[in-house]
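Down below is the structure, laid out as structure tokens.
Chain lettering (A, B, C, D, E, F, G and H) follows the sequence in which the chains are written, and residue indices restart at 1 in each chain.
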Amino acid sequence: MKLQNGEKLLFIGDSITDAERQRPDGEGLFQALGKGYVSLVDAFLQASYPELGIRVVNMGTSGNTVRDLEQRWETDVEQRKPDWLSIMIGTNDVWRQFDTPFIREWHVLPDEYEATYRRLVERTLPQVKGLVLMTPFYLEPNPSDAMRKRMEEYGAIVRKLAEEYGTLFVDTQAAFDRVLTHLYAATLAWDRVHPGTAGHMILARTFLGAIGFDWNRG
Amino acid sequence: MKLQNGEKLLFIGDSITDAERQRPDGEGLFQALGKGYVSLVDAFLQASYPELGIRVVNMGTSGNTVRDLEQRWETDVEQRKPDWLSIMIGTNDVWRQFDTPFIREWHVLPDEYEATYRRLVERTLPQVKGLVLMTPFYLEPNPSDAMRKRMEEYGAIVRKLAEEYGTLFVDTQAAFDRVLTHLYAATLAWDRVHPGTAGHMILARTFLGAIGFDWNRG
Amino acid sequence: MKLQNGEKLLFIGDSITDAERQRPDGEGLFQALGKGYVSLVDAFLQASYPELGIRVVNMGTSGNTVRDLEQRWETDVEQRKPDWLSIMIGTNDVWRQFDTPFIREWHVLPDEYEATYRRLVERTLPQVKGLVLMTPFYLEPNPSDAMRKRMEEYGAIVRKLAEEYGTLFVDTQAAFDRVLTHLYAATLAWDRVHPGTAGHMILARTFLGAIGFDWNRG
Amino acid sequence: MKLQNGEKLLFIGDSITDAERQRPDGEGLFQALGKGYVSLVDAFLQASYPELGIRVVNMGTSGNTVRDLEQRWETDVEQRKPDWLSIMIGTNDVWRQFDTPFIREWHVLPDEYEATYRRLVERTLPQVKGLVLMTPFYLEPNPSDAMRKRMEEYGAIVRKLAEEYGTLFVDTQAAFDRVLTHLYAATLAWDRVHPGTAGHMILARTFLGAIGFDWNRG
Amino acid sequence: MKLQNGEKLLFIGDSITDAERQRPDGEGLFQALGKGYVSLVDAFLQASYPELGIRVVNMGTSGNTVRDLEQRWETDVEQRKPDWLSIMIGTNDVWRQFDTPFIREWHVLPDEYEATYRRLVERTLPQVKGLVLMTPFYLEPNPSDAMRKRMEEYGAIVRKLAEEYGTLFVDTQAAFDRVLTHLYAATLAWDRVHPGTAGHMILARTFLGAIGFDWNRG
Amino acid sequence: MKLQNGEKLLFIGDSITDAERQRPDGEGLFQALGKGYVSLVDAFLQASYPELGIRVVNMGTSGNTVRDLEQRWETDVEQRKPDWLSIMIGTNDVWRQFDTPFIREWHVLPDEYEATYRRLVERTLPQVKGLVLMTPFYLEPNPSDAMRKRMEEYGAIVRKLAEEYGTLFVDTQAAFDRVLTHLYAATLAWDRVHPGTAGHMILARTFLGAIGFDWNRG
Amino acid sequence: MKLQNGEKLLFIGDSITDAERQRPDGEGLFQALGKGYVSLVDAFLQASYPELGIRVVNMGTSGNTVRDLEQRWETDVEQRKPDWLSIMIGTNDVWRQFDTPFIREWHVLPDEYEATYRRLVERTLPQVKGLVLMTPFYLEPNPSDAMRKRMEEYGAIVRKLAEEYGTLFVDTQAAFDRVLTHLYAATLAWDRVHPGTAGHMILARTFLGAIGFDWNRG
Amino acid sequence: MKLQNGEKLLFIGDSITDAERQRPDGEGLFQALGKGYVSLVDAFLQASYPELGIRVVNMGTSGNTVRDLEQRWETDVEQRKPDWLSIMIGTNDVWRQFDTPFIREWHVLPDEYEATYRRLVERTLPQVKGLVLMTPFYLEPNPSDAMRKRMEEYGAIVRKLAEEYGTLFVDTQAAFDRVLTHLYAATLAWDRVHPGTAGHMILARTFLGAIGFDWNRG
């Protein structure tokens, strides 16, 4: 387990991270962490590593793109001084290109996505013990689907940045693809974007694998 | 225009037909016809053929399969004595096979679908002036998608029945496919099943074409 | 079709345009365009001209008079830089003279209406590719009704301005009058002002006629 | 004043009488009489004739036609044993012919209206001290308006029955027409059917005039 | 009738005047005048003097004392430039002395009441055509009841001011006392302060008497 | 203390007893006993005599008269087999004579009140260990007030029955009168009937005095 | 893994099982399984064994005791024909003895608990492939706490029955006790009964361990 | 009785004091004092000492620690100029250490608690006639429970300050402990912190004992 006693782990991202978390602060009592993978990660940590006292904070915000993350990075990430930071962003950067194709100023294209993401990683690396970059994903198994292909471009950017800067990396798309060989996409998510509990479980377990969670504990 | 003065046109189907229609009777004042293609058909008829006084009734019910239609056929279709009847059913018959694959009693397989649909057509034909059979559809352009292929099987059954019994026929899937060459599926429907206003406009115009609506009037 | 690839079409007006549109921006996902003729125009364009990618924006506001339009013209029209602009205003300018006759500062009389409308047209003409002026209307067929006569005065002002400045012109009152020879006013609107779906269909089709929509497409 | 000490005065009718009265019994505490002319009549009687202790009951029901009245006559009128009964019905009998012209079974035509009304008067006359027949009305001053002419037919039937059976008679249309020479219809009612407080005041005062209310008391 | 064509009549006071009026402006469409005596006065004027076009405005505010009135006098009275002003205040000035006797800063004692009221009358007299001073009242017939006696003190102050400054005067307590000889207080008001429709009718008719309303019109 | 270990104490009455108790059973968790004197009695017993385990049940029902009590006596009292029963009824029997004087069938006059009350006492006495009869009360100190005098008649009937049958007796009116010499009625209750917490405290303490509560415990 | 392809796994119990599941059937789309350990079990199975197609059904009902389970056993368990059945019951059987100690008919004492539980196991064993008995638990680490000791008695009965009938057994109390050595009870549950997500994770993982879940998959 | 005629008694504290009091000012009509011990204290004073006219004010705020009290001390205590002040604080200072152990900045440790509390007492003593310090409490009878022990530390600090500064002192924990020997903690409070009415009665009576309330009055 890479996390140590009393460390703070902060998650930032879009609606998949948000999952109805409490506001303004995404931590505290009574489902403050929302109903998604962040809450599951916290539950796993408390159940299996209660002695570590890991503090989990959820700062996801529905509808966000990487452009929105940069705008609130100081208040929502830096001022909270996390020891570990997990980023999962890109869904809306891509989705708006497909569900509102005519509103072009809502689209965050690959160049802007990479440049912005890179700025965030660079300014944050010196401030944390560890960084986890999670790819965005799309629950569409057809490799020639236009939006699937576009999402893979963004996932490749995340992978490239993780390699360049030596951070931890979570390939969420690959994790989902294993299940999509057995289950139709609509079983996991009504809109191919927002998964149900099974999908959040996949995200949580993949994340925990990356930070060295021991499944034989607790 | 095939419909004549003072005739009653009844629509039956699932949530796409229902579209929040009034209950128990799907006609009357203030959006009694719902927010979907049925309401648009009625608007076109009133705007372009006000002198005909066509009476439109919406008896769609969300979640229905052809199995459900048969159960309420006497009260919701026959007792209302329509002159014209339009049927669009099959979405849920297919969808449940993909979004709740483990609950098998919710699945209406092709054999049951065809047999039930046939019984409904046979008992109704002698009672009406005209019957319009509309295929179910799925807003997924990938021809090898499992659910798309399944939906086409059901559409083919509708086409076969229309030909056998000589009814009017509306190929909704074909109408959508023309638009899907230009717009990504998510532009038209968040779940590839329930279209927005543009999709309902496509349904309404395709239906009206089948009954001989003259676009140069009004 | 006068509109070309990728152009933005903005509608401004009162409650008939507004029709429960999204706020603050009248565009985007999930009925952002409201439930009225603007949404129908957008649906027709997407269904028949999907390859053009026309971007439709609804900035109607319930209760507005031309005096209100001028106050928000910079933020709600000019800063959004539409290629095409459609204006339908005047209902409340007239109605307040009849439903609250004693509150005289709510009345926008013909002189103020024309002067204000003229200022808006003049400052906007250089900024857009095309302008569509739609008359206000009243669903009362009796030619000697006091409010009907007053509304026609305002409609005549709109026609005069359209001719003077060479803009496109939509005579909504004339379009409704054709249907009112067959249907009683209360069939179309409970208050003779806010039409149901049939009335909005009339508005949408009349508007589309003015911009050269081809009914034999799609 | 025709009413005497301790008598019960019951009103029956449609939404104009109902006016959000309490259910199931239209009497008691806290606005049990609704917000319309019945409540005003009661207020006048309590304010000017408190010593009489007149008991006012409101059994109006929104949407009713004379056909509906007959169905609930035994429970809602006869079993309550009023000393005086006031009837105002006919609005919906006529209105449905104009706002939902295609749903013909909702229309109560003049012959049915007169025959039903006559049956109600004949069976009730022996049971009460006095009967007040109020005409239905339409707040449209144009004498050639189709619905106005139709409403006058129904008013004439009420007048004829009042004369035949020697009951009290209230010509509500005439009372409104005096005001309509000064105020536009929309000032009194947004739909020309449901008046605001001023219209209910006209109804109440006209009714009270018919039963001999002394305006110089109280 | 003292009021003339096109004049504006403004009412100010506490919850009895307020009666759920619209905010911020107590005039306009759809029960903007509330459910109390102000709405009834307006209804009487429209029904009997429609040709005068009297504009009625309700600026009552629940819970107010004369101290509160003075604070909002400029915005809520003077800036609205009424031709006629009616004031009914004092209920809460007295009531707080009895229902929250220990919170002494809520009590407006007679000296402050008179001084403040006098300032309001003096500054307003030059600005209006007429002023109507209505006493506060208490629906308790027992002359030795402590709160009744206190309320009469305040009523006497209003009478004295009306006489000194030659304004119109309405003795609401006297009007209620006539009815209270026949009806128990609880019949008129559950808390002896807020009357039902009958009580508001008494207030409206007494007010109208003071301004010369002709009961034989309309 | 007259109550012994494990006994059940049931309260029946009108809205003053009810006080928003839980339904259908007036006992259990989370304010099941309502917000009135019954809940306070229970709190006193738990706080001072926790070792006794007295079970308190509230079966009060708003609006009830003694006539209503008799109708539900079997299910709401007898089937619950209380050891001790407390009755406080009569408020509505009297109040309806004053707030709805014209609806005479709602009035329970003294003869009916006494006869019904007597039947209830006689059938219940053999089934319980103890019976507590509490008078109804009216928070009006004026001895010549009509409703106060009427309420005293009913209180006298309760006293007479308590003496005849040798039950415990609580003179609630006398308890309130002591406080009313210092506080105006409106301080205790906005309608002179439903007291606030102070009034319920008076009821609870007077009741507890009658069953021998020791104030020096706990 | 003991469960095989296409089998149905049904959970029955009280509020901890219920967790806001859908009604009447606890399966289907959109959080039909509630927010508790049942939903987590289903998520683990779908994520790690998607090829098995295990069908999970939640029939928990808040507030239930074993007495309530027996009453609905036929409809809620037997008619649904599960292959595997999991039972967790006893919390309320015990809790009512402590939070409503005076309402003795709500208490299910150990003898009744064991006898009823035994009847359910005996009639169900022949109908299923496997039975999982989960103990009730109490999140109180103090071994001398009265309710904790009582809960352990009930847990011991469950263990005894599991051994006698050779079913699978889950000691939930032991699983929680391991975590309670590190975390105070209030961290896991505000009332020591209803855990948050971490507590449900402990239940889910302990249950899955009993049926042979392989943590190294997925 | 230590309080004298017309004095103001202000309570400050956390949710146990707050108990849904009115905002912003915790005094006035209609349950302005909330549903807890403050309202009961007021009720006792009004019922037994109505002639004193004690003014009770509740300024409790849910979730507060002593750190929060200091921040609002000037506006919520000093500017209101109470004659007597009662303080009960510490529950949340302790609780956060146990229910959110990982969010350490929410914890108010003993040193900060004592120092802050001391500052508040010192600055307030010169401004009031009397000060009542009430200990925080925890409804857990097990003396070795970690949170119980911690709460006793804070209670000991309160006792020490009361002795040092010679204020009145209320040992709420001791008062509860007497009842906890007979009733299980869950009978008094679902979370061992927020008591029901019985617990608030214990607090109110213990407080009143400290200020010399005479239980034989009223």
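Rule of thumb we're sticking to: a residue touches a chain if its C-beta (ideal position, glycine included) is under 8 Å from a C-beta of that chain, and two chains touch if they have at least 3 such contacts.
Composition by chain, UniProt nomenclature: A, B, C, D, E, F, G, H = GDSL family lipase.
As the structure is a prediction and not an experimental result, all values here were calculated from the model.
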Other chains in touch with both chain B (GDSL family lipase) and chain H (GDSL family lipase): A, G
Repeat of interface F-H, chosen from B-C, C-E or F-G - more than half of residue-number contact pairs shared: B-C
CA centroid of chain D (GDSL family lipase) to CA centroid of chain H (GDSL family lipase), Å: 62
Centre distance in Å when chain C (GDSL family lipase) and chain D (GDSL family lipase) are each reduced to the mean of their C-alpha atoms: 40
Between chain E (GDSL family lipase) and chain D (GDSL family lipase), distance of the C-alpha-averaged centres to the nearest whole Å: 32
Multi-chain contact residues (two or more partners), chain C (GDSL family lipase): 29, 99-101, 183, 187, 190
Inter-chain touch pairs (all): A-B, A-C, A-G, A-H, B-C, B-D, B-G, C-D, C-E, D-E, D-F, E-F, E-H, F-G, F-H, G-H
Chain H (GDSL family lipase) partner contacts - residues on chain E (GDSL family lipase) that touch it in the complex: 99-103
Chain C (GDSL family lipase)-touching residues of chain B (GDSL family lipase), taken from the complex the two chains share: 29-31, 33, 35, 39-40, 42-44, 46-47, 50-51, 178-179, 182-183, 187-188, 190, 196-198, 200-202, 205, 215-216, 218
Of chain G (GDSL family lipase), residues touching chain B (GDSL family lipase) in the complex: 6, 27-29, 53-55
Interface residues, chain H (GDSL family lipase) side, partner chain G (GDSL family lipase) - complex: 95, 98-101, 142, 144-147, 183-184, 186-187, 190-191
